[in-house]
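One structure below.
The chains carry the letters A, B, C and D, assigned in the order they are written, with residues numbered from 1 in each.
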Amino acid sequence: MIITMKNKATKAEIEEILELVNKHGLKALPIHGDDYRVFGIVGDTSKLDIEMINAYSCVDNVLRVSTPFKKVSRTFHPENTIIKVGNLEIGGNKVVMIGGPCSIEGKDQIVRIAHGIKENGGDAIRGGAYKPRTSPYAFQGLATEGILNMVEARNQTGLPIVTEIMDASKIDEFVKHVDIIQVGARNMQNFELLKALGKIDKPILLKRGLANTIEEWLMSAEYIMAGGNNKVILCERGIRTFEKYTRNTLDLSVIPLVKKLSHLPIVIDPSHATGKADLVESMCLAAVAAGADGLIIEAHYDPRKAWSDASQTITLEAFGKIKEKCKKIAEVIGREM
Amino acid sequence: MIITMKNKATKAEIEEILELVNKHGLKALPIHGDDYRVFGIVGDTSKLDIEMINAYSCVDNVLRVSTPFKKVSRTFHPENTIIKVGNLEIGGNKVVMIGGPCSIEGKDQIVRIAHGIKENGGDAIRGGAYKPRTSPYAFQGLATEGILNMVEARNQTGLPIVTEIMDASKIDEFVKHVDIIQVGARNMQNFELLKALGKIDKPILLKRGLANTIEEWLMSAEYIMAGGNNKVILCERGIRTFEKYTRNTLDLSVIPLVKKLSHLPIVIDPSHATGKADLVESMCLAAVAAGADGLIIEAHYDPRKAWSDASQTITLEAFGKIKEKCKKIAEVIGREM
Amino acid sequence: MIITMKNKATKAEIEEILELVNKHGLKALPIHGDDYRVFGIVGDTSKLDIEMINAYSCVDNVLRVSTPFKKVSRTFHPENTIIKVGNLEIGGNKVVMIGGPCSIEGKDQIVRIAHGIKENGGDAIRGGAYKPRTSPYAFQGLATEGILNMVEARNQTGLPIVTEIMDASKIDEFVKHVDIIQVGARNMQNFELLKALGKIDKPILLKRGLANTIEEWLMSAEYIMAGGNNKVILCERGIRTFEKYTRNTLDLSVIPLVKKLSHLPIVIDPSHATGKADLVESMCLAAVAAGADGLIIEAHYDPRKAWSDASQTITLEAFGKIKEKCKKIAEVIGREM
Amino acid sequence: MIITMKNKATKAEIEEILELVNKHGLKALPIHGDDYRVFGIVGDTSKLDIEMINAYSCVDNVLRVSTPFKKVSRTFHPENTIIKVGNLEIGGNKVVMIGGPCSIEGKDQIVRIAHGIKENGGDAIRGGAYKPRTSPYAFQGLATEGILNMVEARNQTGLPIVTEIMDASKIDEFVKHVDIIQVGARNMQNFELLKALGKIDKPILLKRGLANTIEEWLMSAEYIMAGGNNKVILCERGIRTFEKYTRNTLDLSVIPLVKKLSHLPIVIDPSHATGKADLVESMCLAAVAAGADGLIIEAHYDPRKAWSDASQTITLEAFGKIKEKCKKIAEVIGREM
C-alpha cells in the first residue's frame, strides 16, 4: 500500500497518519526523494481500510498494490483446480458441454431434452427450477417439482444436473438433489447466499454479475472458498454494455485473464450473453479457441415453444453440430471434447 | 405489442404466429399498408412472452408498447403516496433528512451519533448492522448486536431507525425492531428477498442497483407491492459509470422522472453516490432543488475513525449546515424541511 | 510514480528498470521494507511513459501519483477564471442562461427565437449551423447561411452567439462571426481540432464526450490551453449509461468536482442530457443549486416544429419561468442571475 | 414506424398528428383494436423525424421498425464485399494478418519491423504516423516523415501499408502514399472526416468508437458509402466497460452479428482491445474461430522499447506463432491463412 500526502500536509498531520499505521502493526517507510510525501506501507495491509486513511484531509491518495483475493489466486495455488462431478471433470484437459432448457416446464420436457443432450454429445444437463425474473408476473419456475423432474432426467441419462439456487433457505434441497449449484448473475453479490454455499461440499457454478468487474467476481468466489468450499466454477455470461443488438456483451478476454489470475475452471454461457440463437455457434467456437473449460448452452427440442428465453435457445441438433465443430477446435489447441 | 414479420415470411408462417396470439386470448390486427407484415396485438399482452415470439424465425421484431409495472405506476394511482413512520411522513410536503454512520460500531457510537443527528435537524437515523462487503475478510457488521444498539439510539432520541436487511431469514428480527427496512443496491434483484418483504407491513427503502435501469428498479418495487406491501420508498444512490473521480455517478434526473412514472416517494443518497465527503453538500442542495422527498447521508462525529466508508462520511456539524441550506432551497420550491 | 516489481523479478531485471529511469533524468528510490520490490520515482515523471515500463515482464504495476493536467489545474491557478464575451462574464458571480434552437432553420426562425430568449431573460443565443448527425441522410444544417442568420440575430438583440464547429477548416469563418465556439461531445477528442482552437483568441465551449471521464475531458481542455488559448468553458451534457428513459444521464456531481480540480467555468446542458423537455426545469434548478456557472438550453417558439431535437426543446415562455425559479435558487447560494 | 398516442389524447390532437404524417407523403393506418391509439406509418419513413413527433404532448411513443442504414446493409447487397489492395483481398476466404508498431519511430525501426512481419507471415503493415494522444504533452507521431518511412517499408517488402488519418486536411497526402486509411475510434463520429473519405477511392479501415453501438458504427460506414466510396473495412478494437484488468472489452459477438447485418469485411484488433500482450494470442484464435476476416496486431522487435502502447505489443516471433496457430483454426472452419 502506498500513501501519498497532500503538498500542504503539516508535519503533525503526517505524524498522525504514521501512528495510525503503526497501531495496525504495520510499518510506514518514506520514499526519500525531493519531498517526504509518499510512504510505502509494509506488512499485512489487508488489515488497513483504504477508506479510513483517505478520510484524513491531509491524505491525497491511497493505493493498494497487492490483489485482495487469496484462495482464488493462482499465486498460492499454481496448478489448475479440477472439479469432479461423478465421472465428469471440469477444469481438466477435456472441454465439457452442458445443455438444456432455460426453464423446466415439466417432467416430459426435461427428460426428453436430457436424452437429446446426451445423444448430441452433452456432458451435463442445465435447467431452471427457480427462475429470477424481472417481473413478478412472469413465470417463476416449477420450484421443487422442477428439481425432482431434473432428478428423473439424471436417473434416465446418467448425466449430472446443474440448476440455480436463489435463496439460502433452499440449500438442503439443493445439496440433496443437485450436482452443480448455480449462482446467477443477479446474486453474484448476495453475500449471505455465498457464505452459506461456502459451508457445503458441492460444486458451485458462479456466474459473473451483469456489471461486475473480474476482481469483484473473484472476490465472490473468495467468499465461497473462505468458508471452506473449494469447488468453484466461474461462468462468464456477458456483461451489460450500450449495445442493443445483443442482450449483453460476451467478454471472452476473461478466459486467458482468469487463467492467469486464478486456478479455478471457467465456463462460458453464450446463450445469455448474446440473447440470440444464431450467434451461439460462433461464440462457442471462439470460447473453445480462447481456452474455455466448458460451455453451458440453452437448448430445447422446440425452442419456439420454450416458456422463457426462447429467442436465445438452440435446437438439440444444433447443439450436436456445435459439439462436432468445437471438438475440432479443441484438438487444434491440444484439448479434447 | 407490435409484431413485425420479416420480408420473406411466408403466409403459413404468419398464420402460425396469429394462431399463437389467438391461443393467448389476444387479437392480432394487421396494419393495412403496402404490405401485411406489421401486426398490433390487442388485449392483456402481459400474458405473452416477447422472447417466445421472437424465437420464430419469421419474426423480425417484437415491441412492447405499455409499461410493465402496474401497482407502482402513477397511471393507476395519481396522488403521491405518503408513507408514515411514527410521526414522520415520507413523500409529503416536508423533505426528510436521514443521517448516521455507515456501520454501527457499538452502542456508544450510534447513540452519540443519533443525538448529534437529532440536534442538527435530522428526522431519522441510518446505520449498518449487516454489511454487504466485497471482501469476505472485511468487517461484516455487528449483526443483532448492532440492531439492538440502534433500538437504544431510537429509545433515547425518539427518531425512527433505518437499516439494511441482507437475507430473508432475518425478517422477523427486522419487523420486530426496525422502522424502515433498507434493501441495498446489490440486493435490488434478490427476488426471493423482495417477495418476502412484500408480505410484511413495514416501509421498505429500495435502493437502485449499481447498473440497473429505472424500469428494472420500478419492477423490483412492483415485486414488493405485488405481495401486498405498498410502503415502498425508492432510493437513488448512484450508478456505475466509467468515471473514476467519483465512486458512482449520482443520477438526479431520476427525481422528476420517477415522479412522473410513479406515485412512490424518492430519497437521494449522495454519500454512496459520490464517495467523497466534499461533494455531499452540493448534491444535497441539487437533490432538494430537483424535488427529492428526502436525503440519506452518512454522518459521524469523527469521520476519520469510521470503520467503513470513512472518505464519504461528513461530520455532524456539516449535516446541520446542509440542513439549513437545503431548508432555504426547499422553501424556494414550495416545500418544508 | 510508483513502480512495483513482481515477486520473482531478478536483481538484473530490476537493475535494467532502474537504469531506464535514470536515463530519463529521474531518481528511483526504494521503499526499504521487507522486500525491495517497490520504488518511488522522483522528478518530472510526465517524461516517462507508463506503458513502456509496464512492458517489462518483471514489472507488476506502475501507478501515477500526480494529475496529468497542468494549465487546467486549480493547483497552479487558484482563482476562478472569468471569461468575458462583450459585456457578458462567464465564471463570475452571475449565473448565465444561454438559449436557442437545436438547428438554425432560417433567418426568421433564429431572429424570432433570439428576441424571445432576450425577453425571457437569456444572456446569449445558441443554435446549430453545422450539425453532427448519426445518419448521413438527416438534415446537416444550413452551414454558412446559418452562421450569417445568427449574426443577424446578434445584430438585432445584442446577445452574443454560440454555435458548434465540426472541422478545423472552418476556423476562419468562426473567428470572424461567432462569439463562443462550441466543440461538441463527439469531437471532444478530435485532437487536431483542439490544437487548431488553441491558436485562436476566442472562448471555446468544450462539451464532455458521451463516454469520457472527467480526466479525459480536462485533458482535452489542456490541449486548447497548451496552444495558448486560456478561454475554455466546460460543458456537461450527459453521459451514456444503460438508462433508456433518458437520452443520457446528467452528471451534476461534475460541478463541485470540476470546481475543485480546475479554475475553469462550467455550464450545464440539461436538454441533450435528458432528451426530455419535461425534465429540463428540474435539472436547471438542481444545476444552479450545485454551483453551475451557466445553463445552455434548447428553446423554440414552437418546439413541435423544430427540425431536430424537438422532444427535448422547451418553449420560450418555459425558458422565462425557469429563469425566474433559478434566480431564486441562485440567491439562496449567494449568486445572481 | 409505429406511433402510440397517450390514453388522454383528444380527437383533435390525433388529427393534428395524422395531418403531419400526410404532409410528409406517408399514410397513417390505425390498428383497429379496443382503442384507436396506435398507428402504423406506411411509406418512406426515413423522411420523418422521430423527435419531431415525440415532441407532441399527445404522443406516448414512436418506434422505428426498419434499420436506418442502406448501402451498408446485407439486405440490399447479399454477397460479401471483397476489398482488393494490390494482390491482397480482404473479405474473401483468406483471413489476413496485419502487424506493426503502435508508433513509427524512424525509418530503421519501421523497415526492420516490416521485414519481420513479412517473414512471420504478415500480409500488411500497420504503424502510426499521426497519433491521437489523450495528453497534449505525449509524443504526437512523426507525421509526414512517418508516412514516408512507411512508404520505404512498403518498397522494401511489397506489403501494403495501413495508417491512421486524423484530419481531412491531410487527405491528399494519404491518397498519394497510403494503401488502407484508418479512421481511429475517437474519430468514428468525426462526420466531416467521414464525408471527405466518402469522396476518395481508397479502402478505409473504420474502427468502432469506444462507447458506440454497432448501429452507430454501421451508420458511420454509411456516411463513407453514401459519398460513393464502397471500400469500407470494419474494425472492432474493444469497447469501454467497467473492467479494469483490460484496457477495453473485446466484443467478438460483433463478428457473426456484422456478418448478418452487413456485407462489409470485419477485422479484429486484439492489442488495443485488451491492452495486454499476453492476452493477444487467445483473442486472435477466438476471433478467427468466430469468423473474422482479419487481425490487426501491434508487434515490434523489442516491445519494451516501443514509444507507445508498449504493454500491449507482442514480439515479431510471437506474431509468427500466432499466425501458425490461427492458420489451423482457420482450416477447421473452412478458411485459409
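Methods note: a contact is a pair of C-beta atoms (placed from the backbone, for glycine too) under 8 Å apart; a residue touches a chain by one contact, two chains touch by 3 or more.
Keep in mind it's a predicted model, so treat the numbers as computed, not measured.
Common neighbours of chain A and chain B under the contact rule above are C, D.
The chain pair A-C and the chain pair B-C differ in C-beta contact count, and the higher one is B-C. The centroid of the Cα atoms in chain B and the matching centroid in chain C are 31 Å apart.
Centroids built from CA atoms put chain C at 39 Å from chain A. Chain contacts: chain D has residues 211, 240, 242 touching two or more partner chains. Listed in rising order, the residues of chain B touching chain D in the complex are 2, 4, 27, 29, 31-34, 38, 40, 42-43, 60-61, 63, 65, 75, 211, 240, 242.
For chain A in complex with chain D, the touching residues are 211-215, 239, 241-246, 249-253, 255-257, 260-261, 273-274, 276, 278-279, 281-283, 285-291, 325, 328-329, 332-333.
Those residues of chain B that touch chain A in the complex are listed here as 46, 49, 51-56, 68, 132-138, 166-169, 186-187, 189-195, 210-211, 216, 219, 222-223, 226-227, 240, 277, 303-313.
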